[in-house]
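Here the structure is laid out as structure tokens; the discussion comes afterwards.
Every chain is named by a letter (A, B, C and D) in the order it is written, and numbering of its residues begins at 1.
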């Protein structure tokens, strides 16, 4: 290494890092990858594919390619992705040849060799290419963001989907939970990370730094998964409140003026928000593992905590109910319910007055109406959660998530989320799903086996009214 | 999670961790896995394979299986490995079916789906099983050590080799250099790590903690690669001396009484020892990358360093030479050389006296003899390094390593390693290989392309004498 | 240590810590230390004073006393301080006795012993008492906060001042700059610390987390001093901008929408804000040292930075000027200035129209007026800075601070701080003070010696107009 | 700060740091401070004393002075210390003047001011000078080492003692336990620190790194105190074994081949070694606090540990006994003891045969003799520990240390330290001192009050035989 070459690795990689950091922000608008440039890009791709895997120069070539990608505008990037999608897929001929070779292999040894060859032939050049990015500083985050852009483009461009599917699989192997680190997040955490929580929170929006601070008080816990190659970038995080008794109202939990409880006296850990952070990791699931690891983590530190329970939205209930009410012979009310509601609604409709009452935007704030609606809507919600199916899964996606993790439906809470969104999704109802580690496996198997939904007796009782 | 289940994850995993920590050390001798136990082991394996990937209970099952393995004695472990090797390989029928399905796929979409299915069918159940260990604390190290045992057993048991080959591939993907961290090791490093350097040093034995401390002085650098899931366990490490002028003697470098130089005044970084630490990672190469990253690291911090050069042994030279001398018509000496040596040897053998002189165990300490031998042995060593081939690679494994990395042969040093081992391997000669980052790629391609060995003019000149 | 005593230290100290953490916030209103309680407090104080210094039980007793103090309301705390101030001062009799003993000492040895005894007698019991708090977790912060309360009370209660003076001296010895750590603060710093910057910033208010983030961008530096026994509590911090050319406008520096410059290309470090954080450390000076250490720190890391300059307010100028204008024969304008201003003011007053013009609240926003005022006000500001004296110090406290540190007046900037406060203090003018480390000692000596104010030629030139 | 001055602070301080690091090691032999140099040194001292306290340039001047000191050889340093001792003591005239001023002060306010002035006058210039070193990197360690040299020199040079006494007091205030950090030391600790334990261990020599590792096993604890300004330099450390039952033999504890116990099952923490590390801190006590903090630390983490007990040497017993035996009418044996021993000794001396038996170097290894000696020596040891006094303190320095800390004598152990040193000091006996935190204060007061030595009944019983 003489003076001319000094810091060569560093120089190349720094170019990539800088380009990556700038992102789209300060980019001079570039033409959308005209044909001449496209050819140069192909040359760069080919150079990468020829490099010796794991070598320093391979890394430098990948950095150059990444830098070129980052310099492109949205159009250019789509063209780049299209090139990958159309020209660097699995080589059909190579696969055919490998299959033929395997057919000819008769002895176990030669069959084994043929199998290995076939395995390699089934890996597309584009995946070999993209794999090389793991060696770059920020290279993994680069791929995750590239997939986020790819996902967006693929919505209207089906030819991008095979590429997406392969990239998802690659990321899935890299982001195996075994490689992730669970870290607790507190008010002592760097601000650069905390501002990401504010940005990524997807369930109950964090309105300000004060709101965030309240969620990190002494009686709260916040945990996130991180990947060693993406330091400072949470993959998913969960917010937990340590309280006495199982919470039935999320606004109380989010109330900044409420004093912090003593976590050594609480008996319940309420998982009230769980958010995925990386759009580019869509379809790769961490939530199940996160909840259980956090429960285990809390259980070991705070032996007083006995209940591990969520406070979850029911995003699909209202849509489901309205669909039922729209259909001619809904027949979803009992005779008694219909009588009561019709008396209030002053209507004689086939739906027993429910449709009429719900059509009133103030139905939930009118105390009289609300109190009449409560038993009916809670029963229907229990029905929805335990019986509504889509492709043999619970129709409600939140319910499906927790049930397939082995949780059970513990309680349905009336007026639990009175925000506009809460009313719009589920007339303000929220659900507690309970995780009891000695039962989750049995529950999980019952649910994934024959679709049995495990619910506490309080919920089952609602169904019988 | 109630009291009964509290800390369940932790309990299971702790069992594995403890078993792992104890290793073979304090183990009560166990029977070598009698048949009943073998069946129970199969059940455990099947339970693992049925578990939902990435789930908590899958992790617990893997932990139990690992604990069972660790409780076995050497015989039992071999039987365990044999079960994996014989019963959990790639399912031939599944592969055949997937190939058939692919043959039937005509449209690109269905072919793509068939490809993916075929890919999955080509992954053996045992690899899916072993993959689950990455989620366990110490699970990766467990697999690495398991492979070390597997390698030992496979030497005499060919049926274990396919399993080894698959495991190597799995570890190769996990230990991709992109996932590794380069860390500098100093006298400030925890003793628990430093004692591993003492244990793992493979080139120039570290005789004591004082010897180690000397190798970590202000004018030395030591770097190692680590994997995020194996903290505190070096994969490979390199020792570097910062000196003025290119070192030609390793005993000088190891001399504990020599004062430390000022690293800001040195001009050369001498890579004088590089050791792999994990037998279970045999066949997975980090050295090339390590050398270049360390060179880059030093170059950026110490702009005064201009030469990045090894001081390397020539492990195969003496064996090669003796083989040549043993063959009837060696003809490896020039007429002039033969005359000189014969005069000293007082012999009239076909080898020009060389064999006779070398047969004398004191030939290197007898100054007269040594001075006569020097030009002859240096020329032959240059010949050996630049021309001796095995399967189109340099016969000397150290030479092959550096040449394939793109280094060039810079200099051959006489009396450079006068330890017994140095004399036994190469009559005390050592070689400087030089890394110039602006040339390594060209050199690498020349060597891997048509086998051209790049050597400095000083070395080439030796050949002409 | 048996079961009864287990964790005794911890228990006592935890009581103090909790009391300390709660501070005044959640305290049940307590009576203001009635007489019976006061006596119990005296007993606690005496118990502390009897304890063996540095012992565990002494620590526990101090913790108890501290807890008692923290449980008091404002009245009670004042009574507590009054008890310390009146009953635990230096023991006059003990001092007299020690002086007598020294008078009797004739030999050097006995004189030395008498000196030591006298020294000890001059330390008041209350200071021995308060010293014991350094061993408590948060004990140092406790004392600092106690002094803040003491300072407030002492404003109207002169009998508290001797206590304050002794406490200041104690804290001064503990907070010697030699014991402080300089730390850089960035957006990676824990939020719990960053929120303190927002609270403590005293020069240019930090309006939001976004404003703060802007002040920690790539082209900014922020440093603070910390004490080892007060982790996470800054003592003083400085904000620096890395720019090209010496800044003449603070609004530009605080503009959140301005892009970050490349710090490797900047040539000047502008110290634009320096804030003390602990009211309880009033009168103990860190600023001088902080500026020079930060300058040194930046100089070593960024060799491109050549100017180390402040952008400072002139808090006393307007007050000074208005006082001059209020006196009958001000005569502070030159004849030429008076003519110009009177023409604009349309006045015939003795002050040459200046008073009239300045009386107009819009004088600075009216462009014509402002441009007439500029040369006059700048000259007067230069006069103020270089000649106005109070007790042989520069009258302007900011000027005095920098001049006594050895800085020189580099430039006076027109319309440099157009905030209301800037206009109110100095008609929007700000000053650059320049730190050249090879000159600071000479400047410092000139200033503290005969009061010479060192100013750059540009400033001196203003005086001559 | 321009180019010429860049890094001025750094440059000066670096000079000091380098000089400090080199210590005496690589120093070119220098003349022992000839007169011209002495004058230059005085000038440097005066420059320091004139500098503004806490200022950057004061720091630089102290660094220069320190560098000058470090460059001197042993003679030169002694002369330097003599200059400080003779010329920079308390200014008698200033003290006299301050006393006169105080005599004239009649009002409380003026008396207070006079007191403060007098306090300052009593601080010698040399202490003001040395105080400035706390601001230097390594400056505190510099002073500690300077005091170590001073202590050595003062043994034969009484005129240095006042200087030592003042320096001790300065260091005492800096090393107040409140400022110290307790840190656990394990095999994970940096080797650079561990090698210091090997060097500093004063009770049971650490023979090798393996020996050290054994002392840091899972069933051991090691803790040290550190000062924030002396990172990596332990002040004192203690070694603890976690065992079942109270240890009665130190060789067992140090046996490297013994397996580690499970710390969660142990019931006793045995403090078997406590060593001061810094000779320059002689006379400043940390041990009392260290033992209690460590006990508290362990108690909180391991609730199973119920006994906190030392295993301590009895360094003065044999010397005391031999002095008694040497005196004519020792009369220290009971009639029964005398009979038994004389029978074995075959002697008719006044000492009842004890002297004769002990004169045999093999008396402790001869089983018969040893068994006869055991009851006698144990009784005498109990007598020694509980009654032998020197200046109203226990004569045995280890006994005094623990008794004054509030420990009680729990047990005397026969054949507890069979090393040569153990035999030489106390015929192999060792003592367990027990720390029960609920009793230490009472014990401490009994001991320091009227000299009562608290001992367990087993020890008291020995006295009655």
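The definition used in the following text is that a residue touches a chain if its C-beta (ideal position, glycine included) is under 8 Å from a C-beta of that chain, and two chains touch if they have at least 3 such contacts.
Everything quoted here is computed from the prediction, not taken from an experiment.
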If we look at chain A and chain C, which chains touch each of them? none
What's the chain with its C-alpha centre farthest out from chain B? C
Between chain C and chain D, what's the gap in Å when you average each chain's C-alpha atoms? 41
Cα centre of chain B to Cα centre of chain C, whole Å, reads 60
Rounded to a whole Å, what is the gap between the Cα centroids of chain B and chain D? 50
What parts of chain C, by residue number, touch at least two of the other chains? none
Okay, what are all the chain pairs that touch? A-B, A-C, B-D, C-D
Interfacial residue positions of chain D with respect to chain B in the complex: 26, 187-192, 194-195, 209, 213, 259
Okay, in this complex, where on chain B does chain A touch? 1-10, 52, 54-57, 90, 92, 95, 99, 102-103, 111-112, 115-116, 118-119, 122-123, 131-136, 139, 162, 165, 173, 176-179, 181, 228-229, 285, 288-289, 292-293, 295-296, 299-300, 303, 306, 308, 435-438, 440-441, 444
